Amino acid sequence: MAKTIIPIGPYHPLQEEPEFFRLHVEGEKVVDLDIEIGYNHRAIEKLAESKTYDQVPFLVERICGICSTSHPIACVQAIEDVGGVEVPERALYIRSLIGELERIHSHLLWLGLAGHFLGYNTVWMWVWRYREPVLDIFERISGNRNHYAMIKPGGVRRDIEDSDIPAIEKGVDDLVPALDLFKGAIVDDPVIHARTKGIGILTKEDIINYGALGPTARASGVDIDVRRDHPHAAYGLVDWNVITREEGDVFAKVVVRVLEMYESVKIIKQCLKKLKKVKGEIDAKVKEIPPGEGIGHYEAPRGEVLHYVLSDGTNRPARYKVRAPSYMNIPTNETAVIGETVSDATIILAAVDPCYCCTERVAVIDEGTGKRTPLTGQDLVRLSQEKTKKIADELGLPMEGRLQGISK
Amino acid sequence: MSKRLFIDLEVCNKHLEVAVPCSYFYHPDNKGVISLRELATFAIICRQCDEAPCVKSCPQDALEKQEDGTLKRYNMRCISCKSCAYACPFGTILPEVIPYAVSQCDYCLDRLGEAEEPLCVKRCPVEGMVDYREVKEEPEKDIYFVGEHLAVHARHWEKVEAEAK
Amino acid sequence: MSLKLKALTKSPWVFHICTGSCNNCDIEILDLLTPRFDIERFGMIKVGSIRHADVLLVTGAVSRKAGPRLKRLYEQAPKPCLVVAIGSCALGQGIFKGSYNMPEPVDKYIPVDAYIPGCPPKPEAMIMGVVKLIEKLRGK
Amino acid sequence: MVEKDMLKEIKDKLSEKILKVYEKSPRRIYIDLKPEDIPSAASFIFKDLKARFATASGVDTRKHIEILYHFAFDSLSKIVSLRTLLDREKPEIESLTSIIKGTEWIEREIHELLGVNFRNHPNLKKLLMAEDYPPPGQYPLRRDFSG
Amino acid sequence: MELLKSIGYFIIFPGFLFTAVVGLLASWIDRKVTALVQWRKGPPILQSLYDIVKLMGKETIVPQGSSRLTFLLSPLFGLSAVILVSTLLWRTIISPSTTFLGDLIVVLYLLTIPSLAVIMGGFASRNPLASLGASREMKLILAYELPFILVALIPVIKAGTIRMGEILSYQLDNGIVIGSLSGIIGFLVAILCMQAKLALVPFDMAEAETEIMGGTYIEYSGAPLAIYKLTRAMMLFVVPMFLVCIYCGGIDFGHGWLHILLGVLKYVGLLVVIILIRNTAPRVRIDQAMKFFWGKMTGLAIVGIVLAFLGV
């Protein structure tokens, strides 16, 4: 059978790059996958060497706009690791609070886009509508909807006023019914089941071999979560659970993410409670960073981010290394997508949550003639959407009818 | 007697505008001599005031007196606002030597062969003011040792007091 | 002002190009489509083909790989075509200035008609930026 | 696994290969090895001790290119980093891809940014930058890179 | 004078201008309803007009390597066909006596032309994506055209005439076609075929996801794109109107305002049905569509015809 190559990409804003997938297809089956990245390489590691430790968090915050606080947290933890800095307790709670709020906004963002890929455009619109209140909370706390600039070596930059706490609490409480709604609409939906169960399976061995992280790993029964395994911020001080699933398919990843948001709500509420009690400094006022090496990590929404810093005693790092979770997760697509059909490819590629841009532009190259033939990213999305609808039909469940159902 | 890096602060301070290339490798725009000047200044020229105006003036608490009385500027705190330079009644701290991005000098220890001299010595346009040679500590000639690898030529304030008597 | 431009101001179809950003500006652009901001109210829609574009929204500090693509896309767009640079990165490379992989900002590659600062700009700011651009066109 | 065991097992197993063990803090351990011992050590830590491969990083230290392989022992809250020094003139080391699949990208990246040659890597081509940049022989993360 | 009148018919009413205005209105309703389903506000009422006017003023890029003439002419080709249909249709509606033998057949023919134009344009643009869209469109025409013609025959059989005017008059006298079992079956099939003709979900596979933004139109810009968009908008008016005519008795201008209003409501009702289908139905793959039309739909259409012969 003729082999066709479908390139997907480039833009995806990973650590340093959007990626570019090349699907090799035989008929409907995906037989191979090439991944090319680099469109977004911004030389952050090199730039970090010319910025002072106070500036580096701002720089790494801009590695990515979605996990935008995970990188600064990992970064300052690496710096604090070099200098052996003790961070005041109040600052720890604020760090966790911000981190978990971000996890919710990031998972919601993903959920909406996953809905879009599956043909539930209306779900996309609705989920993103509920994401807005989370961004409002950020704006209240930090003054910006994204890139909150809250984290600094030794603590946090801004305190959370007692007077703001009720509003944050309310915002988080209001989120729970919305989460229930999505859980009902997505986790219990037979169409989604049919569409995502048994698809793009990653086994435990795959995860370990690729070093995959975060929800991608946890959905395959690999019970890792650096929030628990290498306690940082306030995660050792509050009560929460690590969500895992055994199946390793796309559905498991959806479930893990949805359930994780409930845990995040739990953590946020505990942090807020503590913030009312634990007063005091929010900054350790670091004097200098001695020569040495340090590693910091943080469980970002997509998995562990790891930062390595080499200090020479000046106020700038001598070497800075960032390892974002998608960097480990995206290569797993090689395994996950091969052998699946083209209409399933999008949702599988999207299941590791490589942000949205990657599916933006696609064309097909016919390997024989080298001619570009027709299949766009939109086609892929469409194929994916068609399949959902077909399944909905087979199950005798008109899609919109149910969507209306959850709107009430 | 081993070789030491030698700087003449008296002359240096007359040539504030000149930047000497440095071969310290972790940061390409590094100018190690600046950090040496700060080190030397705090060790030799600073009067070590009891109630130091510089320390008081610092909005970031970046300056602290060490136990031995010398000053230390903490690079994670200093924002290079230069308040200390204006506060010091003796003009000890020159605004040029307290940059935001601090530089580092490692005395080129790991890359210096017997015959070689550090890049800063080779490239300083003002002749003889940075040198790498065998020196003796000679207070009467205003030559003092600072640390293990540095020798400085500068007027020590104690000596000025002695002359005043 | 010609009818041409007037109609353009009533129906600006946007095409989004990311040239090496942190994704946040891009997400905020997507956000514009969702219920809270709903830019279809102003006749703006996000199109998938460069041939249908009236306004290019450019984000990011332009990496070496993306630069040539940006130029090519601009050449493919039918004129009149407006370019809006969104975010500090697109304006002056923002925090990525000096990066070895980002030699020049957007306006060194293609002409830019409006700059919307911010990191990222708020969606309201983006809408306002486009509206201001439109007002400028009308005022001509 | 108890924590003493882990370190002890590593020390026993790799005994004479280890050049130096440095316990920076209770949670960070650095082990210096010769380049040729890295594959066997990594294999032992990854396969037998079941550590998670976190990432690798490289530093130009002027005389050498230093490569660090970071492994996480999640159940012990520890990170073990294997350190090795490569000759800067001709940095070369055996690729770990046959042992750990997840090293493929990071080795490509180090190859691209620091010019390290990973022997027997299945696909050692550029990962991040355009084909025509940087000029051959220039590696952005080396100290003498002029951009 | 006659000539002038004909030109007037063609250009102003009920030809180009009138059809365009109503068509644009119809496409606005389409967008607005979709937005409301998604909790959005949607575009202003004149939006579709703005879009067209803007596109007219834009540069037209003819892609390299394309056959220039075909590329530029095919949109016009489609547009003139719709105008002709509209003119014929409305003249018949207004004065059923000005009808000629076989005008129904002519209308059926003309209605395929916009799709053919799209195909021609798609192939002419030499863009692989466009060619794919065009070949899909071609398959689609093959698929739906047979049942569509079959169900168009049902009113013919019922009325015993092939003149549209007479079909209308027949319905005035004997009740509308849809009032019978064969009429209902025929109408249902016709609606689905129409959905395909209008290239709306579930049969919009010739274009990529975001409606007109992909597939066959990908290389088009400026005025030709405007003409395509306009043609589509007009089709949104003409095709349902055609069905209203042959199945629901058209708009009766002879018996006062109430009847006219009723006629308009028939059209609006049908439009809403179209939009609802578009927003609720799953999109199908091209092979599924062909199976659907050649199998179920053709079968149903034949049943309808048999029933019509039996007078049911």
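A, B, C, D and E label the chains in the order they appear, each numbered from 1.
As a convention for this text, a contact is a pair of C-beta atoms (placed from the backbone, for glycine too) under 8 Å apart; a residue touches a chain by one contact, two chains touch by 3 or more.
Everything numeric here is computed off the predicted structure, so don't read it as measured data.
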Could you tell me which chains are in contact with chain B and with chain C alike? A, D
Which chain's mean C-alpha position is the greatest distance from chain E's? B
Counting C-beta pairs in contact for A-D and for C-D, the higher total belongs to A-D
Can you identify the chain nearest the overall CA centroid, using each chain's own CA centroid? A
Go ahead and note the Å separation of the Cα centroids belonging to chain A and chain C. 26
Measuring centre to centre with CA averages, how many angstrom lie between chain B and chain E? 86
Distance from the CA centroid of chain C to that of chain E, rounded to the nearest Å? 36
Cα centroid separation between chain A and chain B, in whole Å? 48
Residues of chain C touching 2+ other chains? 35, 48, 65, 100-101
Which residues of chain B are in contact with two or more other chains? 26
Multi-partner residues of chain E (at least 2 other chains): 38-40, 208-210, 213-214
Which pairs of chains touch each other? A-B, A-C, A-D, A-E, B-D, C-D, C-E
Once bound in the complex, which stretches of chain D touch chain C? 128-130, 133-134, 140, 145, 147
Listed in rising order, the residues of chain D that touch chain B in the complex are 60, 62-63, 143
As the complex stands, chain E meets chain C at residues 31, 35, 38-44, 46-47, 50-51, 53-54, 56-61, 208-210, 213-214, 217-222, 225
Can you list the residues on chain D that touch chain A in the complex? 24-25, 27-28, 30, 52-55, 57, 59, 68, 70, 72, 74-75, 77, 79, 81, 100-102, 104-106, 113, 126-130, 140-141
Of all residues in chain A, which touch chain C in the complex? 10-11, 13, 18, 38-44, 46-47, 50, 58-59, 62-66, 68, 109, 124-126, 128-129, 132, 145-147, 355-357, 360, 376, 378
